[in-house]
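Each of the two complexes below includes chain A, the first together with chain B, the second together with chain C.
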Partner chain A sequence: MRFDKPATTNPIDQLKVVGQPIHRVDGPLKTTGRAVYAYEWHDPNNRYAYGYVVGSAIAKGRIKSIDVTAARRAPGVIAVVTSDGVGELKKGKYNTAKLFGGREIQHYHQAIAVVVAETFEEARAAAALVKVDYIEEKGAFDLAAAKDTAVKPEEGGSDSAAGDFDAAFETAPVKLDQVYTTPDQSHAMMEPHASIAAWNGEELTVWTSSQMIDWWRTDLATTLGIDKAKVHVMSPFVGGGFGAKLFLRADAVLAALAAREAKRPVKVALPRPFLMNNTTHRPATIQRIRIGAERDGRITAIAHESWSGDLPGGGPEVAVQQTRLLYAGENRMTAMRLATLDLPEGNAMRAPGEAPGMMALEIAIDEMAERLGHDPVEFRIVNDTQVDPENPERPFSHRNLVACLRTGAERFGWQDRSKQPGGRREGNWLVGMGVASAFRNNLLVPSGARVRLDREGIVTVETDMTDIGTGSYTIIAQTAAEMLGVPIDKVAVRLGDSRFPVSSGSGGQFGGNCSTAGVYAACIKLREAVAQRLGFNNAEGLVFARGEVRAGERSMSLAQAASDEVLVAEDRIEFGKLAETHQQSTFGAHFVEVGVDVATGETRIRRMLAVCAAGRILNPITARSQVIGAMTMGVGAALSEELVVDKERGFFVNHDLAAYEVPVHADVPHQEVAFLDETDPISSPMKAKGIAELGLCGVAAAAANAIYNATGIRVRDYPITLDKLIKGLPELS
Partner chain B sequence: MRAFSYQRASSIEEAAKAAVGTEGAKFIAGGTNLLDLMKLEIETPTHLIDVNGLGLDRVEPTPEGGLRIGALVRNTDLAADERIRRDYALLSRALLAGASAQLRNRATTAGNLLQRTRCPYFYDTNQPCNKRQPGSGCAALAGFSRQLAVVGVSDACIASHPSDMAVAMRVLDAAVETVRADGTRRSIPIAELHRLPGDTPHIEHVLERSELITAVVLPKPLGGKQIYRKVRDRASYAFALVSIGAVVQPDGTGRVAIGGIAPKPWREEAVDNELANGAKAAAAKLLANARPTEQNAFKLTLVERTLSAVLAEARG
Partner chain C sequence: MQTPGALDISRRDLLVASAATVTVAGAGSLAHAKTNTSAAPAGTKVSFTVNGERRELELDNRTTLLDALREHLHLTGTKKGCDHGQCGACTVLVDGRRVNACLTLAVMHDGDEITTIEGLGQPDNLHPMQAAFVKHDGFQCGFCTPGQICSSVAMLDEIKANIPSHVTADLTAPSEITPAEIRERMSGNICRCGAYSNIVEAITEVAGRKA
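Here is the complex of A and B:
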């Protein structure tokens, strides 16, 4: 199905199942431990062996020699695989650094060997016996130091401009010119990367933890130099990913190579420290923002430049993305520059671009409002735009930022915010409120699905879509139930298997909208097949409801259509030019209240509110879960999360969950989420948009602004830890 | 993790004997620190002597009016003990400020005292670290040192001691009771249990290799207002940047020990004497010989301000 005209009324609009607060259908499996995750697959006919990865001990250089003699002799060891032994491997399309390092070391903890043994413990012990002789080379690890060497990235789109920024900024009566920094961050999801690989002759099956089945399948085939058709990838349950599992990772490659060598299925999980230094992370940024405005608050000039670093061949963190679209202003420019750093590979983490970009932009907006003497909510409203400000002939498909801000201000009690920073004190707490807009683009990715109807009237959906904890199983079941007029318990959903039609996968907050739109397309085909089978040829006003198909007086049971033979329909949603003619984005407003301990500078969040305008909400329970999870991640970004770079030794030092501090329960206060009741027919037949990343974009800045409101101390360098506040806090008696 | 043998000791004598008789033997209590370190091969004992079955899990009154806390009393149980909560509230609060409920259910009194530093380089066997591998250097000095110590440090090591409980024990002047392989017992004032790094940061305490901690003894209650204030980046489940244990009497005299700033729970009697003159004076005395890095210099201000808050709370 090609989607190139705005959606009109369709079966989804009935909202009998879609849009209803239905608890996740896979919930009982997960709460009772029956959902099988990658590492847990177990076939009693298989004798699994265990692989343990050896990572490079240096950040940059060469391997002079690897001595595996002692490891090979260790108890239980079946095989030791080094890149020497397997020859030069190709690199997958989506990988920047090699997943199995050769003689050249590109980053710390790059995989250089895998030890296979009868038990996990034996493999781990033997891995420690692998002796490696390195020739260390100097590398670049410090973004601030490398900033001046940064260049315009090769792929296009790094710069944009409209009007004459320099002239307009020069003459603006009120101006801001500030630099903000965001640190490297780790996805830090619960389930580490893990894979089991099994060969059957030339055929390879991999049970893994992947957000994007087809990307993994393709890149695994490329890396191993085998035919994609011979690779089968399974990932029905994923314990979180946040982008860390978008791209093929070392566990799958090492498991496949190890299994070939050991002639047995092999399990490989990456130990926790490898998450930080072996896989990808969100790159740090340095961002300069300049804003000029008239005294009435209208922005006349806005510029956003961002610097980030990556390994050669990598890309920039697209932190200026939102600034091209979020606020009005005739004269504007954005630019991104990329430095070469020899740290582990930077790549997508939840809301790549907007997450760090909004961390900077929304502080700048707060600062500008203050300079103008305007309320930060009103300042944002004054600068709302209904068209793409760089291309004013291009409207937004649907944009209701203003309502988010107004509704939020009302619900949060914004009018009680002290106008004077440091003006509200409760006991030992300095209390402040902050606001930020939320903004994240709505991305559209083709997505396929297959639906079958059997004689019991059970509808089975198959798609390689993944559920990374987001609720895909549930909203897909809702979609099929709505489309075919059956209760949700008559729908079975099967995901995360490369034998199923290729879907959008889970990423970029496109999964919910796109994968259900793909299921919609397949269901339309199935409805046609059902109608034909039941003899409703060309019937107008055909209704699928309560397990029946009806037209006028005539009604038949749905199951009847499959009485002789299972009915199967497959289709794929493809998106036409609507994304070019219309800017599609999602909007919201974040409100945060903090307390800052007047003595120590410890910041504790007191309450948070997000108001979101993101098209149709397919399921308010799963959508809310996404938003509160994202808000929590935003608390981490604001207050504690930072991969600390050792600039001498070239690696992320705090590489475990004790030292990389994500928020714990005690950090997460009262959270409220509101969704504006809206649809976006330009986005998809579901009239939905993304929600999962929107919930993160702006949260940290709202917290930063609240800290400023509480203390009068403006911190432009995340995370806002107490050491950055303590010197500016009031004298104690 | 290296392979090891395992023995469940059934008497104190058996445990101490086994320890002296087996090269590379170590005691294991809750295992919450030791096992993690073994997995990373930072600790590589060849033999583990499990001391959980020695009956050292009781809290009993002493003739002096204090309490004897068995070495194997779990952190959870100690924090909940009625006598501790009533007479040594500081200790209960310190315990509850540490780790998580699950860890506290396992963690023991002796194990907590002997837990090792959280310096991130200590935990990464690819990095130089004098404490882990004597003579290899100290990566933290020029690296990530935000969490580490500012007093009592040396050029060889600036690691901080991570325990909360030990800070309270130091304020209370607890004594550590031990048994050695030859059966001799001794009592070590908590002030003397841990050693400063000097040139030998790998030697962290004065216990002999086979010396078993059997109990920690608290003197009779001090009364006064008892406060434990832990400052950290997140609200729970984080090690202290700075923590302060304090007992302040109605007349303004008192004692304080500081955590998170030194290789051991830090207390100086001279600082206690300065308390009546306020936080600024006391902190100045306490930090007179401080040697912070650029990254942890904020702890100097933080100590003073936290102390000020603690004294205000004590007065209030």
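Here is the complex of A and C:
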């Protein structure tokens, strides 16, 4: 199905199942420990061996030699596979650094060997006996030091300009010119990367933890130099990803190579400390923002520049993306510059670009509002735009940022915010409120699905879509139930298997809208097949409801259509030019109240509210969970999350969950979420848009602005830890 | 819902995937696929009860309780999130108290009674805490969830037993079940999906029902 005209009325609009607050259909499996994750597949007829990874102890250089003699002799060891033993492996399309090192070391903890033994304990002990002789080379690890060497990126970031920024900024009566920094961050999902690999002749099956089944399958085949058709990837349950599992990772490659050597299935999980340095991370940024405005608050000039680093061949963190679209202003420019750094690979983490970009932009907007003497909510409203500011003839498909801000301000009690920073004190607590806009683009990716109807009237959906906690199982079941007029318990959903039609996968907040649109397309085909089988003239006038198919007086049971044989339909949604003619984005407003301890500078989040406008909400329970989860991640970005770089040795020092501090229960208050009741027919037949990343964009800045409102201390370098506040706090009497 | 087919697919597929292997062209190796059996360490016999069932194992002394459950008894509901005692995904109950199963060796638990998430309830017979997590959507990816649930069940018993926490203001008064107490006492269980707000609501509801 090609989607190239705005959606009109369709069966989804009935909203009997879609849009309803239906509990997760996989809930009973997940809460009882019965959902099977990558490392847990078990067949009693197989003798699994255990692989343990050896990572490079240097950040840059070469391996002189690897001595595996002692490891090979250790108890229980079956095989030791080293990178110089397997020779040069081809790199997959989506990776920047090689997943299995080779002689050249590109980053710390790059995989250089895997030790296979009968048990996990034996493999781990033997891995420690692998002796590696390195020739270390000097690398670049410090973004600030490398900033002046940064160049215009070859891919993934072109400069933008409209009007004459320099002239307009020069003459603007009110101006801001500030620099902000965001640190390297880690996805830190709860399930470490893990794979089991098993060969059957030339065919390889990998049970893994992947957001994008087809990308993994393709890149694994490329890496191993085998035919993609011989690779089978399974990933029906994924213990979180946030971007860390978008692209093929070392565990799958090592498991496949190890299983081939060991001649039996091998399990490999990356140990937790490998997540920070072996895999990808969100790159640090240095951002300069300049804003010029008239005294009435209208922005006349806005510029956003960002510097980030990555390995050779990598790309920039696209932190200026939202500034091209979020606020009006005739004269504007953005630019990104990329430095070469020899740190582990930088890549996508939840809302790549907008998440760190909004951390900076939305502080700048707060600062500008203050300089103008305007309320930060009103300043944002004054500068709303209904068109792409760089191409005013190109409208937004649907944009209601203003209602998000107004609704939020009212619900949060914004009028009670102290206009004076440091103006509200409760005992030892300095209390403040902050606001930020939320903004994230709506991306459209083709997505396929197959739908079966059996004689019992059970509808089974098969697609290689993944559920990484997003609720895919549930919203896909809702979509099929709505389309075919059956209760949700008559729908089975099977995901995460490369034998199923290729889907959008989970990433860029496109999975929910696009994968259900793919299921919609397949269900339209199944409706046609049902109509034909039951002898109805055409499917369009048919009503599918309560397990029946009806046209006028004539009604038959749906199951009857499959009484002789299972009815199967397959289709795929493809998106036409609507994303070019219309800017598709999602909008919101974040409100945060903090208390800052006047003596210690400790910040506590007291209240949080998000108001989101993201098209049709397919399931208010799972959508709300996406947003509160993103708000929680935003609390981490504001207050604690930072991968600390050892600038001498070139690695992230705090590579575990004790030292890389993600929010815990005690850090997060009750969270409020509101959705505007809207649809976006230009996005898809579902009229939905993304929500999972929107919830993160702006949260940290809202917290930063609240801290400023509480204390009068403006911190422009995340995270806002107490050492950055303590000197500015009032003297204690 | 109808079964998503995870378990039934797995068995069939794993049977298809036998251990026969081939060498892929162009990939030489230093490795030899023969197990080194010299100097294998002696194991220790250990016997404990898991979810009411007596289990006897002979284990490498280095085997954690977590790996004994997951790799030897195939009770994979208990998760390995960090293997460092930093995330709480491996929380199980040992003689009724919550323990990070990754931080304790299996051989230390001879004679103990262990309860895992599988022992609390089943998909068609949920424990009240499991049901409350489903109702309040107290999870997303589900990987920290068994640990959160085991931890919350034991945590409520700790409050009932008047064991104070960091946020308990009055050590002489009976402990109370407040959101602040729940948040403090649950802080050893990390949820990166960020379901905390919903988890606290689930626990509060169960606590209210009990009280």
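Throughout what follows, the second predicted complex is superposed on the first by the 729 of 733 C-alpha atoms of A that agree within 3 Å, B and C clash if a C-alpha of one lies under 4 Å from a C-alpha of the other, contacts with A are read in each partner's own complex, and residues count from 1 in each chain.
To be clear about the criterion, contacts are C-beta pairs under 8 Å (C-beta built on N, C-alpha and C of every residue); 3 or more make two chains touch, one makes a residue touch a chain.
Bear in mind the structure is a predicted one, so any value in this text is a computation, not a measurement.
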Contacts of A:Thr721 with chain B and chain C, given as first, second, both or neither: first
Which of chain B and chain C A:His665 touches, first, second, both or neither: both
Which superposed partner A:Ala57 touches (first chain B, second chain C, both, neither): first
Touching partner for A:Thr600 - first (chain B), second (chain C), both, neither: first
Contacts of A:Asp677 with chain B and chain C, given as first, second, both or neither: neither
Touched partner set for A:Val644, first chain B, second chain C, both or neither: first
Partner chain in contact with A:Glu154 - chain B first, chain C second, else both or neither: neither
More chain A residues in contact - chain B or chain C: C
Partner chain(s) touched by A:Thr632 [first = chain B, second = chain C, both, neither]: second
Touching partner for A:Asp656 - first (chain B), second (chain C), both, neither: both
Intersection of chain A interface sets (partners chain B, chain C): 75, 121, 125, 656, 658, 663-666
Residue ranges of chain C touching chain A (in the complex, touch as defined): 1-7, 9-11, 13-41, 60, 62-63, 67, 70-71, 74-84, 86-87, 89, 116-118, 120-124, 126, 130-131, 133-135, 137, 139-146, 149, 179, 182-184, 186-201
Complex contact set, residues of chain A against chain C: 23-37, 39-43, 45-47, 68, 72-82, 84-87, 89, 116-122, 125, 187-192, 198-203, 205, 207, 224-226, 232, 234, 236-242, 257, 259-265, 269, 271-272, 458, 460, 468-471, 473, 477, 488-495, 497, 621-622, 624-626, 628-633, 656-658, 662-666, 668-671
Chain A partner contacts - residues on chain B that touch it in the complex: 1-3, 39, 41, 118, 120-121, 123-124, 126-127, 139, 142-144, 146, 231-239, 241-242, 279, 298, 301-302, 305-306, 308-309, 312
Chain B-touching residues of chain A, taken from the complex the two chains share: 57-58, 75, 121, 124-125, 128, 273, 428, 597-602, 604, 639-640, 644, 646, 648-649, 653-656, 658-659, 661, 663-667, 721-723, 726-727, 729, 732-733
